[in-house]
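In the two assemblies presented below, chain A is common to both, partnered first by chain B and then by chain C.
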Partner chain A sequence: MIRPLRVIVAKAGLDGHDRGAKVIARALRDAGMEVIYTGLFQTPEQIVQTAIQEDADGIGLSILSGAHMTLFPLVVEQLRAQGAEDIVFFGGGTIPPEDAEELKRRGVREIFTPGAPLSQIVEFVQRECGKRRQLVG
Partner chain B sequence: MAKMIDRPSGLGAQPTAEFEQQRERWESAGAFRKPRKGPGSGALDRTISDLPLKALYGPEDVAHLDLARDLGYPGQYPYSRGIHPYMYRDRLWTMRQFAGFGNARQTNERYHFLLAQGQHGLSVAFDMPTLMGYDSDAPQARGEVGKCGVAIDSLADMETLFDGIDMGDITTSMTINGPACIALAQYVAAAEKKGIPRKILGGTVQADILKEYIAQKEWIFPPRPHMRILADMMRFCRDEMPRWNSISVSGYHIREAGSTAVQELAFTLADGFAYVEAGVNAGMDVDSFAPRLSFFFNAHIDFFEEICKYRAARRIWARHLKEKYGAKDPRSWQLRFHTQTAGCSATAQQPENNIVRVAYEALAAVLGGTQSLHTNSMDEVLALPTERSVEIALRTQQVLAYETNATNVVDPLGGSYFVEALTDEMERQAEEYFAQIEEYGGVIEAIEAGFFQREIADASYRYQRSLETKDRIIVGVNAFERPEDRGEIELLKIGEEIERGQAQSVAELRNRRDAGTVGRTLERLQRACKDPADNVMPHLIASVNAYATEGEIVQAMVEVYGRYTERAAF
Partner chain C sequence: MNDADGDAVLLRDFAARSPRALARAISVAETGRGAELIRRLYERAGHAMTIGLTGPPGVGKSTLGSALVRKARSLGKSVGVVSVDPSSPFSHGALLGDRIRLAEHFTDAGVFIRSMASRGHLGGLAGATADAVLLMDAFGKEVILIETVGVGQSEIEIAELAATTIVALQPGSGDSIQVLKAGIMEVADIFVVNKADHPMANQLKREIRSMMEMLAFSGWVPELVVTQAISGAGVDDLWRAVERHAAYLQSSGEIVERRREAFAHQVRQLALGTLQRKLDRELASEIVAGADPYSAARSILRTFGVDTEEPEEGGRPSHLRASVKG
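Showing the complex of A and B:
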């Protein structure tokens, strides 16, 4: 039997807005994935550690505090440092379009902003994490 | 007309035979109707919070209501129709725009701008590190300094924030909770340095820690020690700051976290009751502090539901304070509230549409009898608002206040079959929640059991699903989209230099001040934290005056009280 895709939903920094993260976590779980929600106030180091320990296929990071240009790149850096770049790293939050483009250039696979349909996020995670699973096994 | 007095105390008049015939004709017309199909038609029978709606309301829906018991007159118990006899005819609501970004100097400039545009009071937004009790140079603060609000590390920043502003003349609302006692101490110290005595200071510090555990998640200490700090603050304000509101019991963030309107209403009032009980348990007479508790609600987009929420809130608070807590002072019965339009109803898509949403939401708040109002700026969903968008938001209130005439009649929707029936239904459902919370043993126990958090997460997921299925429509998001016009408005950016500058200035402050005094005041503060007979407030003011930083004060208190952690669930 194939193990279901496993995704970490994470909150970083001091940002307590967890509504979006919880909605996404439920939507991914309803789509048949295993979801681990880190809870609030995680450091980039902790998030990547959790993903490696849990053998996760993807990490979704939610930031609504304006600290996205600092925290997203720190997670990318940690993934590189740990040799875990195959983990699909995506995110969401109140992130202006030009910042989202810049973050994608710097290694974040996709950025979803308010109003993105759940179905679109679920499809993305299934597709990209599915590809990763085929490569990594 | 004689029939009208058959039920003299009731709101619903006895129907005449002619009226019954009219009703039958209306009902039989229903057999031929063709209900609307298409976008949004799935939600015709429910409010945005899933309260059931009928197509039409009539006398039969309010027949159980008693005019004197349930409505009364404005300015009289149970205050369903407003807390003042003449409401906005005598005094308009306070137009208070929440503002704060970057460093204290930048925010001070914005305050001068807002006051010059006719705003009445100030409302301070602090940045995340300040809200969580970290100085700007703490590792936890990286990337967050000055982003969501203004960075205030010490009294020095508070002095800059109010530079050139007469703190004895304006009222100030400070949205801060975990370290609220420190912000209040800084405010008092900053005013006294200008020679303004604390007893004339007017304003509010939010200090509503219970809703942090429930919804907003900006906590520091665990609930039980924090309730002691709040009792100290209530006592301090009672004795020394008679014009200050010690706690602003807030539903705003509960709603933003995804709750329904009824949950916002019920959980907020339950928190309010918990503060009343904390004060009474600390040995204070309820009438000595309850008049200084104020409220803060959300104004969401479901127009009538919001109006009914405010009316129900007033009635519930009055009834519980009088009947359950035995308050005798009418000021204890009066629920005074601030309103902010719903950030979560704003959209990043076609952001100009948010101006329209805000106007409707502001109208609901005014028809519901708010005492003060913040109207969101159209771009707040994308970033901190620009000066231009803040001005439009303030003008929205001014148009409402001076052009629409919506302010000329007190409680203009009072007596509406629909509004009275929905107000009553919301009160009934709130009472059901109070009973459930009681079963847990109280608010803190229900927080520890994850009750509120679960209820809110369930509601927000239900709402999100209704958008996916298009049972509910958000213009520009799941209908009437125009994908090419995203992000075309000018945005305010906070640069990295703010963080560097703020970190540097707090480091310089530590070198400049007398370290011995700082150490001694913090030691006394820790002793007060351990001694329930002492009050932490005077010791906080002494520490602040010695230029102890917020991070240092919080650290000293954490050593006594510990730090709260949440069991994460979704």
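Showing the complex of A and C:
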């Protein structure tokens, strides 16, 4: 039986703007994935524990609060601490290009900024999470 | 790494109570490759208290579930939660949102939560829900809460799987005839009227009471609890009702029958899954081309070795829990 890709869509910290996260969640759902939405105000630890229990292939984190340089690296750190770096970690939000580059250097797989086409995001998730699925089954 | 090696590593980590191993094991079962794993772990299961939580969409199942988890944790019990949401019949994708209400338990190492998509399975559960419950049980979870998809009137599979079934009802959702209807109203061990602050809450409570007064119950008489899950009001009462029901199952010996039902449920799911796939393959084949539906069904079933000449009575084994007095 085929098990659809499973992706966590998360909102972290003091950031109540989840319209973008909901749009992404719906797009991934419509692409045939099982999307687990965490709800607002999550800590990096909550997000990573969720991903582990759900045996997720990927985590998409949305941050529109400006705290991306703090929160993204904390999630990377948690994934490392849990030995769960196989989970594809990506994100999006209002993130300046130089910050996005720095975050990618520090272990975030991809950063999508306002204007990124949904098809591009869906394709990225399918490709990268699909690779992870091939490795771990 | 081949499957056997993978299984051995997984079993070792599972025995060491690694949450990742439990998560992986559920995924393995979901893909239909869990036979060996379940065979090895089956002996360890059978100790957990299994509580089913069902009711219409938006009644507060997840919020009630979260309150019950909080209560069980305050008593020092380790908890597993399996929460089912529907899959899209079009894309096969799903949006699993029950976790939102459970966020306070995410970092509690004593709570393991798994969201499942129904993946086309009807009845209110997912095909592998029983496997997930069994695995959590074998992992050592003492209380396992199973939350169904938001159901209508007839999705009663949960009553086969769980030892105790809670049916949560929504004030203001229909008249006195609704509570007399067949289906989920018949499988409740405990009725919950949630949203106690709703102006219609008392009316719903009266309607359920008057329905129950008409009936003579063989054995357990369903309890009625009024809660306001979001504030926690009534949750202690609900937990006590669950404990009374669990004690009743033990003292009456009915637990044996419930376990047998849960076992039969799982066997039926597995067998049906295999038959369904076989049937779908046959349906795509030449055998049925050009025939009328009855003849086509008969010829497919004949290839399965099933004779359909005489329609048989029956279906699922069941016993009526209550009958009208007088």
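Convention: the second predicted complex is superposed on the first by the 137 of 137 C-alpha atoms of A that agree within 3 Å, B and C clash if a C-alpha of one lies under 4 Å from a C-alpha of the other, contacts with A are read in each partner's own complex, and residues count from 1 in each chain.
Note that a contact is a pair of C-beta atoms (placed from the backbone, for glycine too) under 8 Å apart; a residue touches a chain by one contact, two chains touch by 3 or more.
Computed from a predicted model, the values in this text were never measured in an experiment.
**Q** Which partner does A:Val35 reach: the first (chain B), the second (chain C), both, or neither?
**A** In the superposition, A:Val35 touches chain B and chain C alike.
**Q** Is A:Ala84 touching anything from chain B or chain C once the two structures are fitted on A? First, second, both or neither.
**A** second
**Q** Is A:Ile52 touching the first partner chain B, the second partner chain C, both, or neither of them?
**A** A:Ile52: touches chain C, not chain B.
**Q** In the overlay, answer first, second, both or neither for which of chain B and chain C A:Arg26 touches.
**A** It touches chain B and chain C both.
**Q** Where does A:Val122 make contact in the superposed view: on chain B (first), on chain C (second), on both, or on neither?
**A** neither
**Q** Could you look at A:Arg3 and tell me whether it touches chain B, chain C, both or neither (first, second, both, neither)?
**A** In the superposed model, A:Arg3 contacts chain C only, not chain B.
**Q** For chain A, which residues lie in the overlap of the chain B contacts and the chain C contacts?
**A** 25-26, 35, 37-39
**Q** For the complex, give me every residue of chain B touching chain A.
**A** Checking each residue of chain B against chain A gives 128-129, 131-132, 134, 140-144, 147-148, 212, 216-218, 256-258, 344, 347-349, 381-384, 457, 460-461, 464-465, 467-468, 474, 477-478, 486-487, 491, 494, 566-570.
**Q** Can you tell me which positions in chain A touch chain C when the two form their complex?
**A** By the definition above, chain A touches chain C via 1-4, 25-26, 28-39, 41-43, 45-46, 49-50, 52-55, 82-84, 136-137.
**Q** Under the touch definition given earlier, write down the residues of chain A that touch chain B in their complex.
**A** Within the complex, chain A touches chain B at residues 9, 13-19, 21-23, 25-27, 35, 37-40, 65-67, 69-71, 94, 96-98, 113-115, 117-119.
**Q** In their complex, what parts of chain C are in touch with chain A?
**A** 6, 19-20, 22-24, 26-28, 30-32, 87-88, 91-97, 99-101, 103, 106-107, 112-115, 117, 119
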